[in-house]
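Right after this note come the structures.
One chain, chain A, links the two complexes that follow: it is found with chain B in the first and with chain C in the second.
Let's turn to the complex of A and B:
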């Protein structure tokens, strides 16, 4: 085609002489770096898996004997459960190119509603529990309505509602803690997520002596986390709503022109995120046994960290639930591993900070392939 | 190839999409001044006009993106009024926007069915809203190969990995797949190189062979004269002439468009 001096001369030759190879696929330059970039672009979730693997290898040498113990892995899993559930909620919001700074406080508010309504006001847990879920849902709905109806940036909206929900939390909880014993008496159901499971004992009761399971400990909270993640994975990847979430985050104008009601999608995403935060509240009660209005102060930023390290782009439209779960595990593994290696707490924060910056740098680099 | 159109379901003489006396004002600016429009069955109608002539307002009125103040739009003879692009789309008028309206991170198949996803038959689809992905992938592949775009090997690759021409192809294939009555294309070759423009023009002609009438908005005179059956010239908010590209030169068209030449009276609408 290079023989054409000018475009118009070319155009007037008509179609007969036109190049007959249809829309041929131009191969990008081959080079290791290019290929890596291409591979990561197609399988972005592979990065967090690699980082997780590297972390595990490093810490099994840095803290020999201690880090690789089944008990330790069980501990990490329990430590990351709440962050992972909040991370799932956060993933939904970040996929739409938004951010939810209120996930942590929604969780605490919902846990207070569940616990206080049941224990202090003596309402049956059959009502108190759904009431807590409803509170989380309502908080998310408020976020979604403000984002879409007032057309404000999600960062500002959720910064505001963070404060508002926090105030409501203080008002309803009167800053009172609910003790484990009181909870156990009035509403043991709310503590169910903290129930310890020993897989070895379970299989032994079936007559299977699987000794490799010895030492592994699980709680129902971790199972709740996996179920929530599986459901949201299904919604995002196998339903039209999920495709609309990605499309809305990717290019809202294109989504609208394709016939997607982007406002409705956004409202649904924030409301669903609020509901998931309320489920995290249930797991939180199980973990600490009671309700503390001061619990989970760092949960907000930790959830964003998990999402970002898990490879979901803050610019919307790309990312995955699996990535977020692995991202939460990475944070857990690094914090736990550094602690077991005998380093002070400050180095855990240092490492997490480095991970975030590296993750976003890689994300930017991968996105360049589309430019 | 472009001369004799294979007759589609609608005969050539029948107008498919018509507009009469459309008016649209933005404050003191008159964007449409009693504008008329006629698209016949099975034809490629090019719409040309200088910047600010009101052609994009006309197109927006025809696709539901703008609601005209007064005037009438008829689709297959029936009066219609669209309040949104979705309503126009539901009546079979598909638009390929200049910015394509594709989601870059989603796959080709996802993009083709974006906003009209097909669910699995039976209880999985009804209660669990499970998408019928294999159907959509198959249909997307079929549409692309019908338009000669099947060098795209992987229907699940993200649209952002495609070249500009391939993306245009996907957008056109999507319009063709769902546009049952009219396909409107806004500057489909504007952002493309010479080679890719050829592909798109070829695609437009293939679409026409399948009997779909096409409205082509373009600034590129060689492209317009190559594929159009008739050329609608828009000037100062109204249709000033409809010319036959075989009987007029490009410079005539430009002269009429800019007011340097009086519109021919022999060729009425």
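Let's turn to the complex of A and C:
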């Protein structure tokens, strides 16, 4: 919050004072703690990487022989794919100092639109699939329009649309599950994301005997996740739109004064997030084989967890896609590791809760350096 | 403005109901969305039309939402309902509110999940979940034959707090399979070496897959998988398929009898499932409330068993079962 205050003051005072504010970043660093704080401030993404490493070390001792196997890491990757994609959508929104509580339900609604339209209503998948993507995009657009045009807090807006999209989901799905076998018959394309790849076999067929790849298993869903993350990373870091997203989240007044159409930026962010949720829907269908209108009840909160643990600030303007991917991996590593160590689910929840608190504490602490 | 009108309208409806002397009967389920409850509501709706009574349905916001159900009961008392059927989300916490309704002269029939104590309601119509579990346990044992004594079993249960339906089905399966259950009202205290692990699926397809993936890491030699319900079983199947264990080397059993589940039995992915009858439960409850006549209930059991039947394409001697075709006719959701 102090960033916002100093930012708008800066904008009022004009450029000649701004130099001093910037200079305060570079104050001399004393002692190990101060230096660590400075390091983390400059490389905030290093925190999730460190936590991930600590988790991997702990569990390789706690579940010897099982945790540290290539196949198990492949499994963790598959288990976090959906949350990571939703996390990418959530990161976009949180970077603008907003929040989207409806990402999980947009995903379910989109999966129902894709699956039910194709399997139950017999519409060709060439139409049903884009229709599902469109549904996700439209849901996001609605969020963005309400946030900007009615000037309501994103928390309230998406709390409302969470309920609304949930009701639409029940209405369109009739709460009916679509079976894997029916899906395979009518629309196998929707299951493509669940197709398994064995990188070793792939390279072996090219004549490369890369034995370190043995045991690794990928699915197309994970590749889709990486592609989505790469595109959004590019958009955020290499395009004007990306700079607008950060600027809008950091200080909307300053962004507007410097000529950014913040409303348009916000609408685009929410709509894009909705679209990404629909891609997550495709991956979800691949993972469970069919469509379950009951699935994903906790996906919205899980995605926020991944974003926060990944070091993105809930106050907007700070954070990264890479952090979110690592954040999702951390949750996956802890859940899988604790399960393999034989701990009950409740301790998994406990551990994830601790991770969230620690992540936000660190975020607050490293923000102090700029205050 | 619109809101005010709607509010006025609903108030009018509430106060007008007793005056118009139209008989009102309520149905309160745990959630709005679970196919089991959707089907229950359909059964009640049909019966209500047949009997010429007005059905008011309500549900909690999520499984475990006691407050939502309390409000629903209060609304039904205010609406002058003759009685209601309820699937309690919290079988203890709802008891005082049910007492209040009965004191106000409403008949209360509990469906699916018995109250604690059970006699706090006028009657309970439910699936005997322990028996449903025993059926699939006996079937799995019979199918394995001699190999049953070296089985490696994975349990995909519902939740860590072990709600009644969770331990009843799990323990029923063990009893049917011939495992010493120790405390019959709790799982996890057994020491039979055939039990490899208990994992939590939350009855969800995606979490069911994750639970099975983790179980496979612990038990690569698994050959029997018990699942709390059919969505969890469908998720488990995806995990088994991913590691090539969809070749018939693993017996997968479940409970519910929803149409997707029965079709999975037909396709051979699910070995057997115990079918329960939500439509019948709801229809019988409405009938009883409307007529004021509660059917005779065996005091030793304490509730009216609406039945559970084993559905499988490969019957086992000595374990009563019905065919997939019959199961498809009776399935729900």
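Worth pointing out:
In the analysis below, the second predicted complex is superposed on the first by the 343 of 371 C-alpha atoms of A that agree within 3 Å, B and C clash if a C-alpha of one lies under 4 Å from a C-alpha of the other, contacts with A are read in each partner's own complex, and residues count from 1 in each chain.
The rule is simple: a contact is a pair of C-beta atoms (placed from the backbone, for glycine too) under 8 Å apart; a residue touches a chain by one contact, two chains touch by 3 or more.
Here the structure is a predicted model, which means the values were calculated and not measured.
Shared-chain residue A:260: touches chain B; no touch with chain C.
Touch criterion not met for A:324: it reaches neither chain B nor chain C. In the superposition on chain A, contact is made by A:174 with chain C only, not with chain B.
Within the superposed three-chain model, A:238 lies in touch with chain B and out of touch with chain C [touch as defined at top]. In the superposition on chain A, A:300 makes contact with neither chain B nor chain C. Contact with chain C, but none with chain B, is seen for A:345 once the two complexes are overlaid on the shared chain. Of the two partner chains placed by the overlay, only chain B lies in contact with A:250; chain C stays clear of it. Those residues of chain A that touch chain C in the complex are listed here as 66, 72, 75, 78-79, 82, 170, 174-182, 194, 196, 217, 284, 287-290, 292-297, 336, 339-340, 342, 344-346. By the touch rule above, chain C contacts chain A in their complex via residues 32-35, 38, 62, 160, 199-200, 204-206, 209-210, 213-214, 217-218, 231, 234-235, 237-238, 242, 258, 260, 263-264, 267, 269, 333. Looking at the complex, you find that chain B touches chain A at residues 1-2, 85-86, 89, 95, 97, 99-106, 110-111, 114-117, 119, 128-131, 133, 148-153, 157-158, 160-161, 163, 165-166, 169, 194-199, 201-202, 205, 220-223, 226. Residue ranges on chain A touching chain B, taken from their complex, read 1, 4, 7-8, 10-12, 14-16, 18-19, 21-26, 41-42, 234, 238-241, 243-244, 246-247, 250-251, 253-255, 257-260, 317-318, 369-370.
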